[in-house]
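Two complexes come next, and they have one chain in common, subunit A, joined by subunit B in the first and subunit C in the second.
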Partner chain A sequence: MNVDLPGKFELVAELEGHDDRAWHIAWNPTRNLLASCSADKTVRLYNFSSSTNQSDGTTNGLTFTHNTTIPTGHTKTVRAVAWSPSGKTLATASFDANIGIWAQEEDNEEAEDSPSGEWECMSLLEGHETECKSIAYSSTGTLLASCSRDKTVWIWEVHPDSDFECMGVLMEHTQDVKCVAWHPTEEILASASYDDTIKLYLDDPSDDWFCATTLTGHGSTVWTLAWEPLQGGYLASGSDDGTIRIWRRLPVKGELRFDCVAVLEGHDRSVYSISWSPSPPSVVVEGEQQCELGLLASTGGDGIVLIWQITETTEADSGKTVIEHKIVARIDAAHGVFDVNSIAWCPRTGLQDVLATTGDDGHVKVWKIHV
Partner chain B sequence: MDFDLESLVNVEQSFYDEGYKDGFAHGRIHGLIEGRALGREKGFEMWEELGFYEGFALMWKSILEAQGRREDRAANNIRHLLDLIFQFPRMNPSASEPSELDIPKLFRQIRSRYKVLCATLGAKPTLRAGGSSSPTGDVDDLGGTQESHSADGKNQVWQIDKPARGEGLSF
Partner chain C sequence: MESFNPNPTIFVTSKHRATHFAKPHSLWLDEEGSDNDLETEDESNDIEEIDQDEIFGTRSVLHATTVQTYSFKLATKDLIRSISDPEHRNMSLEQLAVVSAPQITFDRKVPERLTVEFTPTVPHCGMSTFIGLSIRVRLLRSLPQRYKVDIRVKPGSHQSEQALNKQLNDKERVAAALENPALLEVLEQCLSTTGHGNSEET
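Right, the complex of A and B next:
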């Protein structure tokens, strides 16, 4: 049964340049900059600008130009990149167990978009014993979390002058930790692991981080996590078992509790990366309140990119909330025969329908979706 | 003639019970001996690691004091670590006051603190004592390329480079 999906994809740009598989991409939250990292140990930065096509008056073209390549100095694959919320610092996580913190030299450039200054390494965070898999800045930018194959999650506090203090080492997982993700507003950290669980961590006022709860349910390695970006009431996780689970945070006072409210099936292979984009404000429908939670993009080993529309419906009479999901767009073989390793929605205003993917072919592809 | 018909009918069961009682008593004694030996071994392993952490912390504490850095982050971490190690029981809990302490959890906390301390000090040797550094017996293949202290040379004791008689031991 071939039903036409409402959403259409348009390939906006295909950026080549990496010599080996590209693992991760990250959009700068305050500047028009896209970073990608790869097994070739470099990080490539791309500038982009939108241009309005004068003849139509309506179309918006996006042009990408390669800004610079940072030859990081990591001795092994750079596995993940993350921008701080201020957009000024870039963190890189590498298989050589180190984390690099990069910033641009101060340059007296007026325009925000223009490339300026060399990217230099402000700090090198050592401590992990084996491959570092993922890093993430908290919503305020004061905390940086990293995780590694050595089963630990490290939390670093960001001090001025690129000084990082290790706040805690969490050894709660029993296997390789694949991904860390911070709640969009509070200081709650989630980590996903090869041991099929997701753990959530809180900061105890007596200055110790601890594991507040563990979410089980996936049948295999959990590769990726994404919080619902506006309020963080939901957490989505993608796993090696091909499913994406949505967990709802229960409004229980004094403790952290989550329930699995939806299982999204649609991928034939492992889901390597998911990204949740925020949505327009809620729509009130007769009799029920429907809240659009945004679009969840997912991709993985089958090369397919799926866009799910997630809706939260509260039944007026019983007060129960139910999560509905439907696939609104799909790209098959987004990177040809190659696995797609990472997907990310653009956070910049006016570009919320743009997303980027990167894969084992080393290319970065930027897509625009029309729903 | 008064047979004890009861015991005749249950003869099989009574022999079984007798045997069971004997075996149980015997096993109890041996189990206690074995348990004590195991406890000694595990206790040794645990304290091998904890002693290392304690010594490490005390050494750095005196170094910092000699350098006059009392309020450093490192000093705080050292104090925390020493506090946690101090909480570790050195006596068996008696039957009248059972211990509520979660030992594996405390151990994990100590290890985490040690790693945080190392990160703050900028030093990180990996402890290798017989290839395993956890009391649960998991073999953590840490794969560290940094220098390793083999605390008592356990992993160097029997190095068999060449088989004793030219050929391998094959039966």
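Right, the complex of A and C next:
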């Protein structure tokens, strides 16, 4: 692919330190803190600071410093990390089947931007029978979802003082569950599995959580999920079949329904991770309403990182909606010869063009995307 | 498996090898002639079973800056041929005809991607996952890290072919399996017959 793409990758930082494959990465939503986890059973936390250009408000440089390493005490690989929306709590999912809940010592909470307190395990959630693969907090932070090779998805209610109550064990998938992702505004949970399907769950107020719909179409394991972050009108999924699918939520009252509206082909090995950045406001062009749905970043076993621009066009006359996608930036061998396991856009104000990746080389790389 | 009465010499005859060498200009040979040194060394080791010299020979090939795919195919096979069968520990995968050089193929466009096919001895072989895993681990530890390996059972050779292929190529499942101490112990035993030819890039 020698097409000249408009977007460029700028490597901002390369953070070494894990002794083994780095599996996953998560940006703290409220402070300048980045967490990565690894087969070495640790979580590494990095602080970062940015200098702002006074004249135009753009970010000049980003400097990362190692904050601390949490040994975790997990007896096997730490597969995934997730921050609560408050940014105060970190959850870890491990191949030892447990979930760790981590917070900093209380007396240090005041120092917002220079945290120095020790990270302590506030709670250990046991329940899964085999490797826990993914965890996610709901948008309000009141629910935590986890999934495992034991084929189940668990929904936990978050109580004060790091107390968790299991609200439901969903046994819908027929295989290993790889990923869970909450809708950005509503209490809708999506899960992706080795059984090639995606399932969506809702809470029945008078009963339990239930599977509302199943999305089929991928030809192999579905590894990763990402909701369109502002409205949640779309869900993207990445698969072992090398494709990314985009599913549109249909406006059916009282029912949860999705249609596959795009299949993105650009990777030639498993897509392990995708991340969807928020979009700029809509524009109207010649009788059509064009709504930019932001940038979708994807990566996987081919070591390539792709940035896709996703656009929704609604024809004024017919009201027909079409999804368009194009690759605007690409970098090959993002982690040298290694697989790239995780990708995440930075959610911090002014840094929405910053991406982090982790790879089998154990490194964390931070990129600035110039589109 | 129990009724299987293997005669290792049958599977590792020079005739078998002769057929192999009779086609030096196979599709794997992209450039000029094959590496004679390697062939000689490889052939001599047929008689003597696996030993460390062979591994070292392999090593030098793997560290060569330009690896001819033909040589590399032989080298790859040498890495896995001497893995012990988990059920018949005194026999190697090559002796049981589970692995063979023609079953190692390279992506034509990306030579760093290879597919290793193996043939379970019986279609209901319960050890197939384990055999596939041992091949994967051996190659993970021995090949330079730029190589990406797909492992498959020979089409039609196993009743759970699809499930096996999927599991063996799921890196997360493989990683988790390797954190299982009991499984790892048996695995190390099966790999102990391959010598310590770990040529991880340093």
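In this section, the second predicted complex is superposed on the first by the 357 of 371 C-alpha atoms of A that agree within 3 Å, B and C clash if a C-alpha of one lies under 4 Å from a C-alpha of the other, contacts with A are read in each partner's own complex, and residues count from 1 in each chain.
FYI, contacts are C-beta pairs under 8 Å (C-beta built on N, C-alpha and C of every residue); 3 or more make two chains touch, one makes a residue touch a chain.
Not measured: the values here are computed from a predicted model.
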Could you tell me whether subunit B and subunit C fit or clash when both sit on subunit A in the superposition? fit
Just checking: does A:D150 make contact with subunit B only, subunit C only, both, or neither of them? Give me first, second, both or neither. first
Just checking: does A:E129 make contact with subunit B only, subunit C only, both, or neither of them? Give me first, second, both or neither. first
Should A:T77 be classified as contacting the first partner (subunit B), the second (subunit C), both, or neither? second
Report for A:A39: first if it touches subunit B alone, second if subunit C alone, otherwise both or neither. second
Which holds for A:D241: it touches subunit B only (first), subunit C only (second), both, or neither? neither
Is A:C166 touching anything from subunit B or subunit C once the two structures are fitted on A? First, second, both or neither. first
Three-chain overlay, vertex subunit A: subunit B-subunit C angle, C-alpha, nearest 10 degrees: 70
Which partner, subunit B or subunit C, touches more subunit A residues: C
After superposing the two complexes, the shortest C-alpha distance between subunit B and subunit C, in Å, is 5
Which subunit A residues lie in the overlap of the subunit B contact set and the subunit C contact set? 130
Residue ranges of subunit B touching subunit A (in the complex, touch as defined): 73, 108-109, 111-113, 115-116, 118-120, 122, 124, 126, 142-144
Interfacial residue positions of subunit A with respect to subunit B in the complex: 125-127, 129-130, 150, 152, 154, 165-172, 208
In the complex, subunit C touches subunit A at residues 112, 145-146, 148, 166, 170-173, 175-176, 179
Touch list for subunit A against partner subunit C, complex: 21, 39, 76-77, 79, 95, 130-131, 133, 149, 176, 178, 194, 220-221, 240, 269-270, 301, 337-339
